[in-house]
Amino acid sequence: MNTPDLSVEIAGIKLRNPVMTASGTFGYGAEFARYMDLESIGAIITKGLSIRPKAGNATPRIVETPGGMLNAIGLQNVGIDAFIADKVPFLRTISTPVIVNVYGNTLDEYGELAGRLDRIPEVAGLEVNISCPNVKQGGIVFGTDPAAAYEVVKMVRDATIKPVIVKLSPNVTDVVTMAHSCADAGADALSLINTLTGMAIDLAKRKPVLANITGGLSGPAIKPVALRMVWQVARAVKLPIIGIGGIMSATDALEFMLAGATAIQVGTANFLDPTAAQTIARDMERYLAEQGIADVKELIGALRS
Amino acid sequence: MNTPDLSVEIAGIKLRNPVMTASGTFGYGAEFARYMDLESIGAIITKGLSIRPKAGNATPRIVETPGGMLNAIGLQNVGIDAFIADKVPFLRTISTPVIVNVYGNTLDEYGELAGRLDRIPEVAGLEVNISCPNVKQGGIVFGTDPAAAYEVVKMVRDATIKPVIVKLSPNVTDVVTMAHSCADAGADALSLINTLTGMAIDLAKRKPVLANITGGLSGPAIKPVALRMVWQVARAVKLPIIGIGGIMSATDALEFMLAGATAIQVGTANFLDPTAAQTIARDMERYLAEQGIADVKELIGALRS
Amino acid sequence: MNFKATVITNVEVSPGYFRLRLTAPQFFVTAASPGQFVMVRVSASIDPLLRRPFGIFDVGVMATEYPDVQQPFLDILYKVVGKGTAMLAGFHHGDQMEVLGPLGKGFGTGEPSEGKVLVGGGVGLAPLYYLARELVKESRVHLFAGGRGRDDVLCITEFERLGVETYVSTDDGTLGERGLVTEVLERYLANGTGAKTIYACGPFPMLKAVAEIAGRTGIPCQVSLEAYMACGVGACLGCVVKGRDHSEATPDYRCVCKDGPVFDHTELSWEQRL
Amino acid sequence: MNFKATVITNVEVSPGYFRLRLTAPQFFVTAASPGQFVMVRVSASIDPLLRRPFGIFDVGVMATEYPDVQQPFLDILYKVVGKGTAMLAGFHHGDQMEVLGPLGKGFGTGEPSEGKVLVGGGVGLAPLYYLARELVKESRVHLFAGGRGRDDVLCITEFERLGVETYVSTDDGTLGERGLVTEVLERYLANGTGAKTIYACGPFPMLKAVAEIAGRTGIPCQVSLEAYMACGVGACLGCVVKGRDHSEATPDYRCVCKDGPVFDHTELSWEQRL
C-alpha cells in the first residue's frame, strides 16, 4: 500500500506530521539536533519567551513524582533580543516550522512580543502561554479568568498576522468557557493542556522539595485529564486543537487525535528519550500503514461512543 | 522510648490514629474484615449513600491509567433503607468510628439523608460528597460553585448535630473559595481531594474505555495535586483537614500532615493491598518512634519553607 | 488472605501461554475450591498499578529436594495479552510476588455421578482443570475445548490424564474439528443421554451461546465470567455485571469478584456490554 | 548518542556501592572524556520516570571469549540511595538498559606534567578514576579520598595501581586519618611545592570548602557538580546553578548538564541551595 499521509494543517501552518515538541521541553531545538532528525517532526515549539531575559526560580526546580514530574523553572529564558540574535539563526537552517511560545507579565508585554515576532520570517506562529502556573505575577490570572484571557488573546491577535495558538491551563473549573473566550478573541487554534499545579514534600527535611513550593505536573500521570479536556473542548469549539499531556507513544498521540486533536505535542517524553518525538511520528506512520488508514486526518475526532 | 501518640480529633470525632479509608474504596468495611484488623485504623468512610438505591453506570466502570485509575462507578449504592437494615448491624460490632459519605441529587435529598442518619448512633459523622464527577445531575455543580456548595452544606448542617465533613472536588479553579464557602455554611472539617475528571480511549476500538466516557482519576498520579490543594486550603481556612489522594505509604500520609492535614484517607491503595490502611498506620507509628516524635499532632502543618 | 509467593516454575506451555507455579501457604491450598481466583501483584512499582486476576488452574502439595518437606503450591495458566501478563512472563524461579486469594465463589460441584460437561474457550480452560480434577472423583467428565488455532488449545493431555474425555475444535481447523466449540457441544448434547451439568469459561460470546443452549435444553449450567477488576473483594463495584432482573429502577448488579466469578446462567442478564 | 547497553557485570564493591560494566558502542568510548556523564534509563516502565545521571567511572575495550572480538565498555560506580539506584542494583549480566551520553563538559586536563590533585568525597570519587587514568600519563597525581567511614572510601587500590599517591580520611576514623578530606588537603598544600591543579567531586559543602582553599591559595581548581536533572541535554533548565555574576536583574544560570558538570571554581557563585 501507499505511504499514509500524515500531514495536517494547524491555523494555516502546514505540518509534515502531527507531532510537535512542547514548549519548555525541547529548548530552542538545537539541543536535540544531535540526537534526532529535526526534519522528522511536524513543528518545534520553543521555550516560553518574554520581553526581557528572565532568571527563573531558585533550585530545586524539578522533582519526579509518581508517573510524572513537577517543574518550577519559572520561565527562565534569554529574552527576545537574545532570541532573535542567538537562536533564530539556527532555526533558519531547518525547514520544520518553529512556533514561539510567548509569555508576558502584562497585556502590553504580550502585545509587544507579538509585534516584534510578527516581523521575524523564521517564526511560523505564536503559542500564547496564558497558563504557566509558576509565575505569581500575571500568568495564572490570564489563564483562569475568561475575560482576562480574552484581553490577552485580542492583544496578540491585533499585533500579528501570524497564526495565534492559545495554550490553555487545566487548572480551571470549566475549560470550555476559557476556550470559547480565546476563540472569540480571534485565536486560530488552541493547545492544551499545560501543567496541573502540584506540590511535593520532603518528609525528612519537612520542606517542600521545590524552592518555589508548587510546580507544574506533567508526564503520563496527567494524560487522562488532558484527554478529557481535549475531548470537551473539541466538541464545543470549532478551532483546531493541539493535544498535550503525557504523550509517550504513537498510541497516546492517536488517542488524542481520536478525542479531537489535529496535532499533538510531546513534552516530558523528550526527557526520557531524546528521540521520542521522532519515534512517535515514525510509529504513527507505521500504525496507519498497518491499519490501512490512508490519511491521519481520518482519525481526528473519530471517537465513537 | 514510649509509644508515640497517634490519636487525633476531627470535628469532635476521636481517632486512634489519623488513617481513614476513603469512600468508595472500602465498601462498607465488612469487605475488608478478613484481610485486616478494622480496629487498627482511625475511621472508616463508607461508600457514597443516597436516599434511594442507585444502579450506577454501565460497565466498563474502571480502567488503569499511568500511575492511577479512572472510575465511573456512578455511585451505585444500596440506598439508605438497606444501609440501615443490612450494613449498620455489622458496623455496630466494631469500635472504629464510621463516617457515612452522603450524596443527594437535590438539596432536599441531602437534608433528608442527614436527618435520617442523625438518628443512627453507629454513625460518627457525615462526609458530604459534593464533588462526585460521575453523576450528571447535580453532583458536579454543587462541587464547583461556591454558592451551591454553601446551600448544600447549610442544608446538611441544619439537619444534623453530627459532625459534618465536606469533601471537596479538585476540578475547580480556586479550591480555597470553595473551602471558605463550606466553612461559612457550618462545616466542621474538610476532606480533599476527590478524583480529577479524566478519560481513557481504546485506540483499537476507537471508543472511550469507560461506558460513561469520563471518570474520576485516583491513585499516586494525583498525589502532587492533592498535596498542593491541602496545603492551600490548610493555610487559608481554620477547619481541620483530611488529606486524600494517592496515599500509598506512611511517608505519603505524613507529607499530607506536614501540608496541614489532621488526618488522611487511603483510597486506591486498598485495591493494591487490602492491608494498606493498617500497614500505613503501623508504619506511621514506627516512623514517629524512630524519629523520637512523641505525638503525631506535632507534624500537622509543620512544613518549613 | 494476602501472601508473598515465590516462583517455582514459569513455563511457556504454548506460544504466548504460560503455566506459573507459585509457593502457597498450606492454608491457601486447603481453602481454595475450583473456580475461585487470585489477584496477583505483578510489580512492586506503580506500573502496572492494579493487581491482575487469574483463575486457579491447580493447587496441591509437591515433593521437594528434602525428603521430609512438602511444598504447597498454586498454579495459574495465563495468556500474555498486555503489560501485566508480559511482565509476569519475565518472572523466574525464586522471584516473588504478592497474591491475594482464594477469592470469589467457585463452581458448585452438584450431585455426584452425573455426567459433567466442561466447555472452555482459549485460556478459559484455566479454571476448568482444577474443577475436572475434583469432578473425575465421582463423575464422568467431558471437556469441550475450543480456540482460534492449535496454539490456543491448552493442556489437553493433562485433562486426558485425569480420565476426562476431550473434544477439541478450532476456528481455523488446525487442531481437532474446524468450528466453534459450541457447535460441537450442541451436537454432543443432541445425541447424549442422562442428567448433566455444564461448566463453562471463555469469552463472553461463547458463554452467551452456551447459556442459550442450556436454557433451551434445560441443562443446569454454571459460567465463569471475567471483568475489569480493581479490588477483587467486592469493595470498588468496578466489576459488576447485570443480574437477571436488572433495570434502572430496580438495579440488580452482581460483583464478578464476590458474587462470582461463577454464576448460574439463569442468574445473569445476557444483554450486556462486557 | 542514545544506545541500548547490556550489563556485563554489576558488582557490589563495598556495602551499598556497585560497579556496573555495560557494553558501549566504540563511538562512545572514543568520544567520552573524563568528567562527562551518562543518563541511564533504569526502567522501561514509568516508575521511575526519569533517567538517572551517573559519571563515567571508566571506559575501554576488553577481551571477550572470542580471541578476535573486543568489547568496548563503560563503567559506572554508583551508590544505592533511592528507588532508581536500588533497581539498578538488581540488574544482572545480560540485562539491558538505555544509556544517553557522553554528556556535558568534562575536566580540562590542563598543562601536562604539573602536579595534579584529585579530591573525592564518597561516591564523588567515581568520575576521578577515569580522569586519573588520563592524568597519570603525563603528571604526578595525588588523590585525597574522604568518606563517612571505611565502606565509603572506594576503589583506592585501583587508583594506586595507576600509580596515584593516595591520602585517605574518614569522618569516623575507620579508615585512614580521622577528619575531613579538606583538612588533609589543606595540610598537604601548605607543605607542597610546584604548580598544581585541583580536581574535585563530592558533596556541595566539600566542594565549597575546596573552592575556598583554591581561592585562598590561588591554585586552579575544577569542580564537578550534581543537580536534579530531567533531560541531561540543556533543554529543561531544571539543573541550573548560579554563575558568579548571577543576580535577579542579570541572571547568570548555568546548566550543570550542558555547561558542566565540571566548572572552574571561579565560574560559580558559592551561595546556593543545592
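A, B, C and D label the chains in the order they appear, each numbered from 1.
The rule is short, and it goes like this: a contact is a pair of C-beta atoms (placed from the backbone, for glycine too) under 8 Å apart; a residue touches a chain by one contact, two chains touch by 3 or more.
According to UniProt, the chain labels map to these proteins: A, B = Dihydroorotate dehydrogenase; C, D = Dihydroorotate dehydrogenase B (NAD(+)), electron transfer subunit.
It should be emphasised that the depicted structure is a prediction, and the values quoted were computed from it without experimental measurement.
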* **Intersection of the contact lists for subunit B and subunit D** => A, C
* To do: Would you identify the chain whose Cα-based centre sits farthest away from the centre of subunit B?
  => D
* Asked: Once you find the CA centre of subunit B and the CA centre of subunit C, what distance in Å lies between them?
  -> 36
* Structure fact -> Averaging C-alpha coordinates per chain, one finds the centres of subunit A and subunit B separated by a number of Å equal to 34
* List the centre-to-centre spacing of subunit A and subunit C in whole Å, with centres computed as mean CA coordinates. => 47
* Structure fact -> Multi-partner residues in subunit B (2 or more other chains touched) are 66-68, 219-220
* Of all residues in subunit C, which are in touch with two or more distinct other chains? -> 46-47
* Asked: Should the pattern of chain-chain touching be classed as line, ring, star, complete or other?
  -> complete
* Asked: Of all residues in subunit C, which touch subunit A in the complex?
  -> 46-47
* subunit D-touching residues of subunit B, taken from the complex the two chains share -> 66-67
* Name, in rising order, each residue of subunit B that touches subunit C in their complex. => 24-27, 31-32, 34-35, 47, 53-56, 58-64, 66-69, 71, 73, 76, 211, 219-220, 248, 268, 270-275
* Structure fact -> Interface with subunit A, subunit D side, in the complex: residues 1-2, 41, 46-51, 98, 100, 227-241, 246, 248, 251, 253, 258, 272-274
* Would you pull the subunit B residues touching subunit A in the complex into a rising list? => 65-68, 70, 144, 171-174, 196-201, 203, 205-208, 213-215, 217, 219-225, 227-228, 231, 246, 251, 254-255, 258-259, 302-305
